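Letters are used for the chains, namely A, B and C, taken in the order the chains are written, and counting of residues starts over at 1 for each.
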């Protein structure tokens, strides 16, 4: 137990924070422990948390995708525009919307790998560009009146009391977990994040891994856009705006290094639970959304700062081998 | 080895500095686009349009400068939009209560910005937290503090001293309908001053040195922590000044004022040739980047064939084009100079740049 | 000049890191105008001493004096101000800044303003003194390693240092560049600077040193004038055992050619290179750094594909365009740059050993067979004698020698037909070096065709069946073992004088 905590310091911190949050929440509101609240917790953020999972891969790989929220808007806009024309089966419109997201990811992945550009810059262009594309499609309209089944898609229970969206999320999470930590692909994601050159010299198909990750990111963002549309029942050009910061915050809070190469799915899941619970608790205490975001911002900084200061206090002297060559 | 050891200062025409090439390229692109717009839009090349651009570009210019200042040292400041909001709101509140004049107001805005910037700087330079994490956090945090402080109320234009709303239109002199306004002149003055400081002051060169190779900077004994700290304070102060300009332009300020400007400022700097990996770029470049983006924004809406909704889509493509061009230029320059260095060193070795190229180019953001 | 006064004197300095006693009661003194070499295996405490001298660590006990005054630098800047500077194996330049700025950036005595023309003039003057022709206004991005080091030396000169520490400055240099570096070091000496010189190459030691000190296991073993030291005594003091079994390579029967390279070329880098490597043979590659040896390797390994000529492996013509293809055909390349191109240092020992062969451990579902992976890694760990706390230990925590062996294990695990070793013993200590030499011999005996690129001339001659010599992108000749003398190869490598 202690050994585990020493090895997984970040996760241990998060477990403590999460436990504290839950205790406070329970004492705060009798509704907190209800099943309905639990389902709501996830359902109300479903479009964010599924993207968080893919973003974990992208950041461990040493890249970043700032465009996810705009791609969400773009995909939803494609779907809504096709549906609005009325000539296409709605299911097909949904599919094309998601494919549009995948293509957006593909485009960015190709530009990043072909030209060797920093993903921060390319996806910043994507952030602005795909949001623009969503506005081109929808201008300032709001498209709604989707079929009834679509608006219920998430809440529909699959088996027992579990809604479809929730089941899908947990299945997807399990899969992602296995891929990241048990598969060859996951291993490659870490190695590339450590050093793309080492990976390339070891015969790993670096560019292909990167492109696949950006396609995955685009596809899931597309799916998230569609789910968002289903949840709120309407699509506007601004759908999902500024979500990228929330999503990246959750990944970083999970202990994933912004420089790539390290981080764990457990950490990200704990961060995700923590953020959702804090928001939920603050919500129950009638604290508004902006303040909730501020609290999470504080937590993000604190989670890196506190261990840093503690380490500096404990070891005024660096280990001999680790410092032998100075910082990379 | 020849005997002609260069005793005198070498001649200065042997090569072009890459940053000058970038600036010239951007200037040419701006000129061409203005000509294209002049062709598409009737009465485009008028004093009125010049006045609009020079007024509206002020906020983004100051923010691009703020952003560039920290990017040079291989950091980033995602909180500038929130700083603009806080500075604009607090300054507005202060003016509404006291009715003070412009100099005091500008000082208040700058101090507010510098204080917030120092929070970022403290955490990055002395707390050892990566800038992107710190400023992602303070982006939210500053906004939250503002929202709590404002209690949902806005600063109203009507409560401000009358000089505030006229400030934007103060014209120093007019040449053939082209008004040179005070706010634009302030922005230009700031850019030129910073450009000078970064090129000529030891402090400025050291900022570049840190961004170019942080561990070497520490090894060379540069006070890296304090340099990074002060660059964040400077960035905050510039964002504070931008906050004042924002107030002067908008008049009414809500708790969400300035949201989204952080990414626009990064975009302007990057289009202006500031390398996101630190160590290279110029203030003039960042300024040109801001001017270019703003010109496009204001012009596209006037092209009858183009729906106003195309603006951002177009902007995305543009940013991409700018960075691709930048990379191509940089590679070409490095290759040429690498070849020269090989000759100069007589015995050739695979240069750092050459190796990177052989290894297949950029390692993405983890390149540090 | 009888018994000159020491410039810096270190008395009884100790330093402890958690469980490791890095330095115990070490004493050392440097005289003015002396080149003093410091040798010892990795982990002997050399680096720790340097870091204490340059203010990166405080000493636990003991004292230092500089010019008679107590000296306890708080930072490298502080050490520099007091006249001590260090140049490391891998120079750290600022690629975006000009050469002149690189030289003057750390100066504390300048005003607020940068006086460009004076700076350029001063930089030109110093560079000319070092016999180096670089335009000081150019950015440092394009400099070679030797050029970067020259800039660092220029920096030290500009700082007017009293003591210059050089930590393996020759590791990445060719023989020719080493010569020039030594000239520069000697001119520093003449100017009265004390130089503390650290190297793993014994022949350099005798060429440059006035006195030689040996460290072992954090202790000072001896300090003697260079002319009283023999290679044998030195090695014995360093490792505490007999040096007789270094360079253990025996004679080999000639096998058939495995790899045939015909008229290979990469435009602007090397051209018309023709050779073959036989089964069980070690083909050495000598030449100056930058003569094209590494470039041939990079081209065979698909990093920088050739634009002319043919590559034939076991009779089949190959068109190799990526490391992936090279590995699939059976060509492996151990890079000279361990940290940047060789190992994923944050990852575990196992992950590194199986890095190039992940597919072998991957099931149809894409999952890694972790038991098999560990079994193979364990086998290689034992075979190569890699010392590590466990298979899951991150490679960054291993010593240089063990990292090098890990990298070798990674490539052995690909079961290569042709193994290219690029400076396989650079920067590792004498013991690990002997181990690596033994493996090279074993591997060749097991039938692998080996290409050995090395700037260590005695090594390449002792280990190779034949030695190919490169100069300025051309293959000058291939010498069989019996004809390969140091003089002959050096003459070929630098060209007619």
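Convention: a contact is a pair of C-beta atoms (placed from the backbone, for glycine too) under 8 Å apart; a residue touches a chain by one contact, two chains touch by 3 or more.
Everything quoted here is computed from the prediction, not taken from an experiment.
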item	value
Maximum centroid distance from subunit A, chain identifier (CA atoms)	C
Of B-C and A-C, whichever chain pair has more C-beta contact pairs	B-C
Rounded Å distance, subunit A centre to subunit B centre (Cα mean)	29
Whole-Å separation of chain centres (CA-atom averages), subunit B against subunit C	42
Centroid spacing, where centroids are CA-atom means, of subunit A and subunit C in whole angstrom	43
Multi-partner residues of subunit B (each touching 2 or more other chains)	215, 218-219, 359-360
Subunit A, residues touching no fewer than two other chains	194-195, 197, 200-201, 261, 328
Sites on subunit C at which at least two other chains make contact	303, 341
Complex contact set, residues of subunit C against subunit A	17-18, 20, 22, 47-48, 51, 56-57, 90, 301, 303, 322-324, 326-328, 333, 335, 339-347, 351, 355-356, 358-359, 361-362, 365-368, 370, 396-397, 399, 410
Subunit C partner contacts - residues on subunit A that touch it in the complex	178-179, 182-185, 187-188, 190-191, 194-195, 197-205, 261-262, 317-325, 328
Subunit A residues within the subunit B interface of the complex	62-64, 66, 111-112, 115-122, 124-133, 135-136, 139-140, 193-197, 200-201, 206, 210, 237, 242, 245, 248-249, 252, 258-261, 288, 290-291, 293-298, 300-301, 304-305, 308-309, 312, 326-328
Parts of subunit B lying in touch with subunit C, wherever the complex brings them together	1-2, 5-10, 12, 14-15, 18, 199-203, 205-206, 208-209, 211-213, 215-223, 279-280, 334, 337-338, 340-342, 344-345, 347-353, 355, 358-360
Subunit C to subunit B touching residues, read off their complex	75-78, 80-81, 88, 92-97, 101, 105-106, 108, 110-114, 117, 120-121, 124-125, 127-129, 131-139, 141-148, 155, 172, 174, 176-177, 288-290, 294-295, 298, 303-304, 337, 341, 472
